[in-house]
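What follows is a set of structures to go through.
First chain A sits with chain B, and in the next complex the same chain sits with chain C.
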Partner chain A sequence: MTTVDHDQPHDTEKNTQRRFVMPEGIFAWLLVAPALIFICIIVAWPLVETFRLSFTDARIAGENYVGFENYADLAGDRKFHATIWRTFYWMFLSVGLKLVLGLIGATLLNAAVPGKALFRVLVMPPWVIPIAIGCIGWLWLYNGYFGLLSGMAQRLGITDGPIEFLAYKTSAFYSAIVTDVWVGTPMVTLFLLAAMQGVSRDLYEAAWVDGASRWYRFRRITIPQIMPVIVSMALLSAIWTFNSFEIIWILTEGGPRGATTTLIVDTYKTAIGNYKFGEGAARAVVIVILLALFSLIYMFFLNKVNKHYGSK
Partner chain B sequence: MMDRYTRLQLVGIYAAAAVFLTFILLPFFEMFMASLRPLEHLFRSPYQFWSDDFSFDAYRQMWVTVPLLGRYILNSIYISFMVTGMTMIFVIPAAYAFARMDFPFKNATLAMFLGVNMFTGAVLLIPLYRVLRTLGLLNTYWAMIIPGVAFLIPTGIWLLRSYLEKIPRELEEAAYVDGANRIYTLRRVVLPLALPGLIVVGVAVFIGAYAQQFLFAITFNQTREYQPLPAGLYEFIGYQSVTWNEMMAAALVGVLPVMIIFLFLQKYLVAGLTAGAVKE
Partner chain C sequence: MATLDLKSISKSFGQANVLHDINLAIKDKEFVVFVGPSGCGKSTLLRIIAGLEEATDGQIIIDGADVSMAHPVDRGISMVFQSYALYPHLSVYENIAFPLRVQKMPEPELDDRVQRAGEILQLTDKLSLKPGQLSGGQRQRVAIGRSIVRNPKVFLFDEPLSNLDAALRGDMRVELSQLHKSLDATMVYVTHDQIEAMTMADRIVVLNGGRVEQFGSPMELYHHPQTKFVAGFIGQPNMNFIPATVTSTSAAGLSLETRDGFSITVPVETAGVSAGDAVELGIRPEDLTVSDADGMTQNVNVVERLGGVSIVYGTTSDAETRLCASLDGNVDIREGSQISLGISPRDCHVFRSDGQALRRTDAPMVAS
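Let's turn to the complex of A and B:
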């Protein structure tokens, strides 16, 4: 016993007696608790409430339990089915364009040419400013009589009369996509750029010494190396695009004749516009379920991709 | 060398960059042009690209048309500052715990925070409306601040956590050995070291808060005096005519605060925000 005492440095023993050290687990929970409680009140509890409301016919005053009636209505509503497909089409098209443009933008920003610092600053404004304000600019651009796009098209003789971009079903939908891509591209660009800059120069130099062309290096080194970032950016922007509300609301309010109504716009119109809280809640639950399913499937593929490209 | 481009490649790069930037900057250009045109000229058809009666009158007149405009801009800034302050108070301790400590259900809790990113305010508006009504916060600044904080906490935790993980542990351990307790270590050792990261996350939250006000403002707040700029801009859509030129001018002036902050800090901001993406 005495030998042990001699082995231990004296100071440590004194210290443990003198001060009380809180167990790490408890201290960590104390640090996390405020944020967690806040989120529970403002996000988790409303989520539970949404779920409950979706089984009622809640309106401004009063609510009755109606079971699965709201869901049954949605299941039989062909307009709602169309909205679901439109939302996914909206999401895939917009995210695809954002990734392609982001990849092009990042490659340009990554090129070792003079002026790229300025280029990088000029790419970012759509990401920094409030979406609502950028959309006001687009609203004017799309105006058939006074906007630049239609005006230039007429000047150049592409069309005879004014083009009201937001007045027709097809053009309104694609115009909204363009604006959504405009809002989302800068962030994708910057994250892909950061990923590209993280790729080791040695790889490029080795390939260069072997005589690999620029395009070959891009295809065989850059793309595989940044693949994990591409796929996680794709998921993030997919979720944001799916939930994109302000752009559509400001440009078209979901019109003309529902052509730009995605699930989120439909939910907002039903719940806030028409005060049908119960029916709106059922739509919100559908959104949550679809997004969760989508994310799960995506995560599954993400793991495969990461394994394939040997990411940690 | 490897990075050298032929003349043709250089032309290609700059041409592509020009096209890219045209797309990005076109709406700003259009807003600026519209803000310079007198109202009657704005509605002139056929479209004229250039005209000789451009003026900055709208930038003067807009304060008269919408007397509360200055107030709206200040509201936007005030709300964003409050959101940023509150978010950081929640984020700093939580991010530290996630970066440094082991505790039961750590990964599940982190996943839950990140899961919040899957929902937008729009999905939760109805119950959120009721929660805010119960708390008596509808039609106050808090109706826009509190939901804003909730939706920025997860991103804040995520960003700050990856920053804190890069700070070497040795310094904290040295402080422990010297007998400092946990709170003291956090306050006097970790936070000063993390200051650049705190600034990056703070600015990111501020920009996020400035950007996200529209939905909460139009849904939870009917009090004109508290309205932030994106919602206040709709006042230019008047009873008789829409003064588009003034609306564009006001929108451009309204984004100035956040653009200025951004321009000064963009280098650090981008490096900090994308650090998490590169690491994995």
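Let's turn to the complex of A and C:
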């Protein structure tokens, strides 16, 4: 008898519940709907629209369907090819420097030194202050007449006259790289630092008991242990650097004579600067395809790295 | 050959003193277990021997050489960590080879040693796997393999079995004991598990509050605990402590009476106690038997039937003191009833109010 009594309220509860339940499928879609609508508006629709525009000669006056003409033009455009190579060079050099400096910085910040909390805070300003403000600071530094760098070079007798860092093709490109690295390094540093702090202390102690030197422990424990984070940071950083626009635009606007024009700057100049929306859209689609390819190849290697370093 | 001597080791972290004047002489090829409750300083003491922690005061002497300031490698020790501390990105082979790679040992000798360690620990077919692909027990063996290949003078183990499940722990205890025999090495082992201590150790160091309570063989600790703490720590279920008053002393021992009126004469040395003193009568649950009359009365609260034995939990008849008895598995006892427990005087321990034990004169095994 007791079992029956016990079951009774349970059954009723089930019945009441069933009355209020809507079909599972609809409920699921309702839950997803807000995010879905949002993504459609800010990602999907612009992407589709860009893709459509890339097959037109859209300008302010209007647009006509032109088929693959924009793409054909790009395929034959030597200047555009140079821009692609320049963009990849820009990306690899900048990301490489950010990772190397980030690794050195994280290692130093991870060391047991007095006042390390203060050092950790001091690393952040380039990342925390608005990029535009940081870049204007660099603009002054690079200025030939009142800039700090040119001034110091002259005082120390390294040069006779003022140097306009941003006025020559080579120096402008590398100056922009320096600024980009300055902005991008703190975040890499902090992520790598966080990863380093996640490495079990026991591993270091075990290695120390076995007689491993500091450098040996760094090479054979720290690096392999944080490799998955290094690799992920490299990908994120690569995409941001590839599409890094504000820094170049504020410093050089892509000049002099296109020396600092990367794909994203070229796209902006074409579409927004010259009102050639169709041609600009074609460039944007090229960026999407290149980054997608790059990411795919990268993911392939990321998987391998994760497997090798046993992060499960 | 490796003896390990600790001479007046003390350690403090800032204001907190965690170890007070530890003196131990560990013999060659001895398996010594440090045991004690959490926070008693046993792991800190092990880390000081390893060189991971520096003693505030005192000397560590291995094979006659003072190594207090030496690097772990120069001390000739190796350590197995509770977390195993395996390198997840390296294969089992490379994990075991790690200390040899650090030494830049030539490849043929290195391979020879790793293979031999693999054989001893039955890991030969696992050498190419990653630690993540192994079970807990296998990982523990890899960690041991890494300490074997260096041929250390002293092996240190920091709670190596505490991450394993109970069944595996039992197997690994046996394996470690066998390993100790086959390696013929000096081993120091830290645990909070008294069963591990009792089963594996040649001698046990019981630590409490940063002090050595007693250093002796497992049976010595069991039959002749020097303090109430050791008596309570060694043995499962724990010893019963029943407050009592000394009624008289004689050549036969100490006569005492418990609060609920039970009297007994225990064969112990009576120096330092006199009639009227408050003491505690210690009796192990397994030494209690069911008796018809004249025994100590127990109010039964809970009976745990384990098959072979029944553990009976309850109180003394005045309900003041907890009393636990380990009786025959088939004994017919109901919860809520009252039973009479038989006590043999030679099984009893007596502790002074300061926690020191009175030396037993008629115990099964006389202290060496």
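Just so it is clear, the second predicted complex is superposed on the first by the 280 of 312 C-alpha atoms of A that agree within 3 Å, B and C clash if a C-alpha of one lies under 4 Å from a C-alpha of the other, contacts with A are read in each partner's own complex, and residues count from 1 in each chain.
We take it that contacts are C-beta pairs under 8 Å (C-beta built on N, C-alpha and C of every residue); 3 or more make two chains touch, one makes a residue touch a chain.
These numbers come from a predicted model, not from an experiment.
Undergrad: Are chain B and chain C a fit on chain A, or do they clash, once the structures share the same frame?
TA: fit
Undergrad: After the superposition on A, what does A:22 contact: first (chain B), second (chain C), both or neither?
TA: first
Undergrad: Under the stated touch criterion, which partner chain does A:221 make contact with: chain B (first), chain C (second), both, or neither?
TA: After superposing on A, A:221 lies in contact with chain C but is clear of chain B.
Undergrad: Hey, in the superposed model, what angle do you get at chain A between chain B and chain C, Cα centres, nearest 10 degrees?
TA: With chain A as the vertex, the angle is 90 degrees.
Undergrad: Is A:171 in contact with chain B, with chain C, with both, or with neither (first, second, both, neither)?
TA: In the superposition, A:171 contacts neither chain B nor chain C.
Undergrad: Answer with first, second, both or neither: which of chain B and chain C does A:308 touch in the superposed model?
TA: Only chain C; A:308 stays clear of chain B.
Undergrad: After superposition on the shared chain, which partner residues are touched by A:229: those of chain B (first), chain C (second), both, or neither?
TA: The answer is first: A:229 touches chain B but not chain C.
Undergrad: Which partner, chain B or chain C, is in contact with more residues of chain A?
TA: Higher number of touched chain A residues: B.
Undergrad: For A:205, is the partner it touches chain B (first), chain C (second), both, or none of the two (neither)?
TA: Both chain B and chain C are touched by A:205.
Undergrad: After superposing the two complexes, find the smallest distance in angstrom between C-alpha atoms of chain B and C-alpha atoms of chain C.
TA: Value for chain B versus chain C, nearest C-alpha atoms: 6 Å.
Undergrad: Need the overlap of the two footprints on chain A, from chain B and from chain C, as residue ranges.
TA: Shared contact residues on chain A: 205, 208, 311-312.
Undergrad: Inside the complex, what are the residues of chain B that reach chain A?
TA: Chain B reaches chain A through residues 2-3, 5, 10, 13-14, 16-17, 20-21, 23-31, 33-34, 42-49, 89-91, 93-94, 96-98, 101-104, 106, 109, 112-113, 116-120, 122-128, 130-131, 146-147, 149-151, 153-154, 157, 179, 181-182, 207, 210-215, 219, 229-231, 233, 244, 247-248, 251, 254-255, 258-259, 262-263, 266, 270-271, 273-275, 277-278, 280.
Undergrad: Which residues of chain A touch chain C in the complex?
TA: Touching chain C: residues 200, 202-203, 205-213, 216, 220-221, 224-225, 227, 308-312 of chain A.
Undergrad: Which positions of chain A touch chain B when the two form their complex?
TA: Contacts found on chain A: 15, 19, 21-22, 24-25, 27-32, 34-36, 38-39, 41-43, 45-47, 49-50, 53, 58, 101, 104-105, 108, 111-113, 119-126, 128-134, 136-138, 140-141, 145-148, 150-152, 154-155, 162, 182, 185-186, 190-191, 193-195, 197-198, 204-205, 208, 228-229, 232-233, 236, 239, 243, 245-246, 264, 267-268, 271-272, 277, 280-281, 284, 287-288, 291-292, 295, 311-312.
Undergrad: Considering only the defined contacts, which chain C positions touch chain A in the complex?
TA: Residue positions touching the partner: 50-52, 71-73, 77-79, 81-83, 85, 87-90, 98-99, 102-103, 130-132, 146, 150.
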